[in-house]
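Report on one structure; see the data block that follows.
We just call them A, B, C, D and E in the order they show up, numbering each chain from 1.
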């Protein structure tokens, strides 16, 4: 569980609720009831969800909605740890030969790295290894991109359906202005849909896409490193050169933390 | 028929209608008549359609409008099924020679794959096969892109003509404010065009473009696989390597489902 | 004359006029006078045109404005006809030699194709033919792109100057609110500039850019075909292969219509 | 001096002024005083300029602001004249050898072309000539791009600070609504900042960026021609081929005007 | 400390404050209290910050916020000085051999340049040097890009949460319109969140992203020069050619200032 994301989401909700209940006469929880309106929820959230449903088949739709849970997970990737593991693998390959990698790959969590190593152990042609791994990477990126654009499209649909709801409410209100004391509340209800749409976009969808994009970029970078280094291992390059290559991907701060005491270009 | 799209479209319409008829005194269907205004339809939908007409010749215009029906069709592509078929073809080619593919290609639905196989059977030069197939693919993408941008342009035209209609209504209203009881309804009518424009964009056009883009990306991916694999078959590559290549395009979940029991890199 | 564009433009104008004159008491042409205001035209259309003038020299400005007439012309390109002609040329070259193309090129309308053929007849080096033709194509695209961005910039300037005009009108109105009966009409006049700006963008400029972009893409595709095929002809490739290449550019529907009865990959 | 730009700028200002002073009772210059408000200028123009200042160091800031004068200059580039000059140079090189170019380059205005010729005269390796010239070109484009994005950023800052100013004005107004006769003028003043911001963007900044972009594209095209042709001259290519290459960059209309009577591909 | 940025930020704040306190009756500091509202700060700034928190883990979040201090620092890069240093290094390498660079690199501040030199001294393969250095550069750009997009995302979140806050305030106001004297101030408070959001975006975030982007582009250019020149030094190219290459990156004005009196292509 990524506790930061949950805290951020709850704090944000709390701030909005505080803004609602806070009034001239201090906290007034009765204001909350003015901000809940079921038909407004139907037209904004329902309109958005049903339009997104139009653009998918059912299976994709369910998967895309489910993918939201990813936002609450800490990505398994740990660049430094992964780099340390690859350096180990390159040392194993150097000392005991490529075939010894099969055993070392047995306990790898990362399916991508594992697949690459098994291809090497199989004696696959280097060009083919690169081809298969790059196809797999671009296919992974394609799947991630589909999920990200689902949530981005929803983030653009939310405010649009909020505005449609507000227009519906305004037109209804404009036809019923006989009782002037009801104009205010009617207008308030009309504005609620715009608020719901904005919250859907800016509270639910956009922070999720920001996070997904960031994680996707990090995962792509790590997988690109893996491809480069797997090919270096296959080519029998010096583990020190491989380590140097790997470190190019790290920030100076992270570099120190990988802590292979003897390494470094100064030797 | 893609039932999801139709359901999504109808549910969305239902939610808007519910938002319209739902009032303080429960459901009131008489509100519906306030939301229908023929001149507003003329200026918003008519303005949008006639401006899109300006940008096409008649034949293209009709084709582009007709292309909307694609949104309600389930795309014929089934990546897994297609991959299984190509693996069959590669086995046929390996065992019985390239010429035997001609017969096997006879019952293929996919014209693109069929054309590629016939080029191979003809003994066309590999570079030329790639050239012709890639030209065909980019030409298909070009045609799809034209349809998608037609609906995207319409999605941007809708709200613009809605606003023009609202301005026309507002100016007329502002010149006729003697009878204050009519200001509300006049303003309501003026706002209807904005609502129509938003519905045109967010209910009709945008979900369609989302779906078309998604289907186009999937079709392009499958056709790219086809090109790669056709060339592998022509080069006489090992069916197991071809299978490995094909699987790189699949998600881990789909991979299991292709179910070639014996396959896998672990052998 | 592209009759569709003119019809689209007139129908659109008609719909706006209908929206203006249509009122509660049926058609009322006196409303039209409320929608014409010369100072509003000056500030919106004049502001837009003079700012576009700032960004060009006089000759370019006149040429860019003139280029609008292209929108009313049917583009001379006919992909199918052109492809038929190139197949003829490839047959001529095959049977009678490259030099015989000079005569055949005499009656070509298309200057681009003609230039390419004359370069081949001259015995120019293939790489140089490609270089010159691609430079020419990218130079044509550059010129088209300049015109398209002129109209796109005007489409963004229109609403901006419309808003400036509305702000001018509103400020004037807000200083003169003593006579409350004049507030409505003053506000109406202020809104006219926004309407003029929107019409300039969405009725005049944007449909034109949609059309120009589409025609430009089609022309580029045809010219790219020409380059590929000219080089195939120069290389003495088989006319049947050339035909196959050409057909990759066509949609399945158009392919049938090119009607070279005997052709096709099945042979 | 590019008289067109100055005329465009003045005409535009005149149209806005006319829109301001033109009223129901004819021209009324007293309205002008309602449109000048120093604190509004401070918050809109000052806010924009100080935020742009935040994003630069002082030297860059002054240079970027100074670069606005470029908009009023006719660019020195004359594609046709330049092409004629290069054809001369290629003839000189052909007849008298590459070393003779040094003298011919003495009276060139264009530092870029001059540098290239001197590199050739020096006997620099062709790949190195291309490398140095392309680095120089991309470095020139980088500098131009920095100036263009400065003005584009200012064009986006202007309306934003205009809106902030309007919000400040509105909040102040809403706290002082006792004297209802002052509400109108207070609101008018609040709107002025939005107007100033729009004028800053659409009158000052955007037409300038349109022009800068256009000139930059033209300069880049000419410099790309120069690089190509310099390498052709160095390679000792036929001046007629060089001329053909050069003409590919010109529009058909300009091509006739270069007027090298004997040239042409038909020979 | 980059004094310009601090001055710009303070001047901008001063102008907004002046706009607030400046009224019809001269300066009136009591207006300031109308512009401070803690719940509005909570919903706008708090909503934005907590949503940005959702999209990061805690460590990244703190680092991204800290990175704002970079805006107040003068970037260490001095292109001219750096170029002079590289020319020195190339002379050292030419005269005393590549190994002598190790000592010369000892006192370099720039870790990137230092790493490159040490790779050369180590006798690393040129292709590998390029590979490692380009990976490091793209990794640096990736890290910068992450920070820049954090502030760009915050710049888009600010106005969105400002609008949500305004909607909350409006709905509350519309339910409490009995006391008409309170409508004005309630509306004023509702607008404050929009103002806070705009200030967050246009005063805090956007100028920072403008500066970060500019500095990042400059740093990337310098590092690209370094890579090119390191490879030239390793290849033993003539220092004069290296100088020529380096100067291609400079503007004509800066070129004079590098002041290597004897250099220049005219020799």
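The rule is short, and it goes like this: contacts are C-beta pairs under 8 Å (C-beta built on N, C-alpha and C of every residue); 3 or more make two chains touch, one makes a residue touch a chain.
Because the structure is a prediction, the values reported are computed rather than measured.
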item: Those chains which touch chain C and also touch chain A; value: B
item: Interface composition of copies chain B and chain C: same or different, split at half; value: different
item: Cα-centroid distance, chain B relative to chain E, in whole angstrom; value: 40
item: Approximate Å spacing (C-alpha centroids) for the pair chain C, chain D; value: 25
item: Chain E residues counted as touching two or more neighbouring chains; value: none
item: Ring order of chains, beginning at chain D and proceeding to chain E; value: D, E, A, B, C
item: Residues of chain C that touch chain D when the two form their complex; value: 39-40, 42-43, 46-47, 50-58, 61, 111, 115, 118-119, 122, 124, 128, 131-133, 135-136, 139, 142-143, 146, 153, 156-157, 160-161, 163-165, 167-172, 174-175, 177, 182
item: Touching residues (chain side chain D, partner chain C) in the complex; value: 2, 4-5, 7-9, 11-12, 15-16, 18-20, 22-24, 31, 34-35, 71, 74, 184-185, 187-188, 191-192, 194-195, 198-199, 201-203, 206-208, 210-211, 214, 217, 221, 241, 244-245, 248-252, 265-267
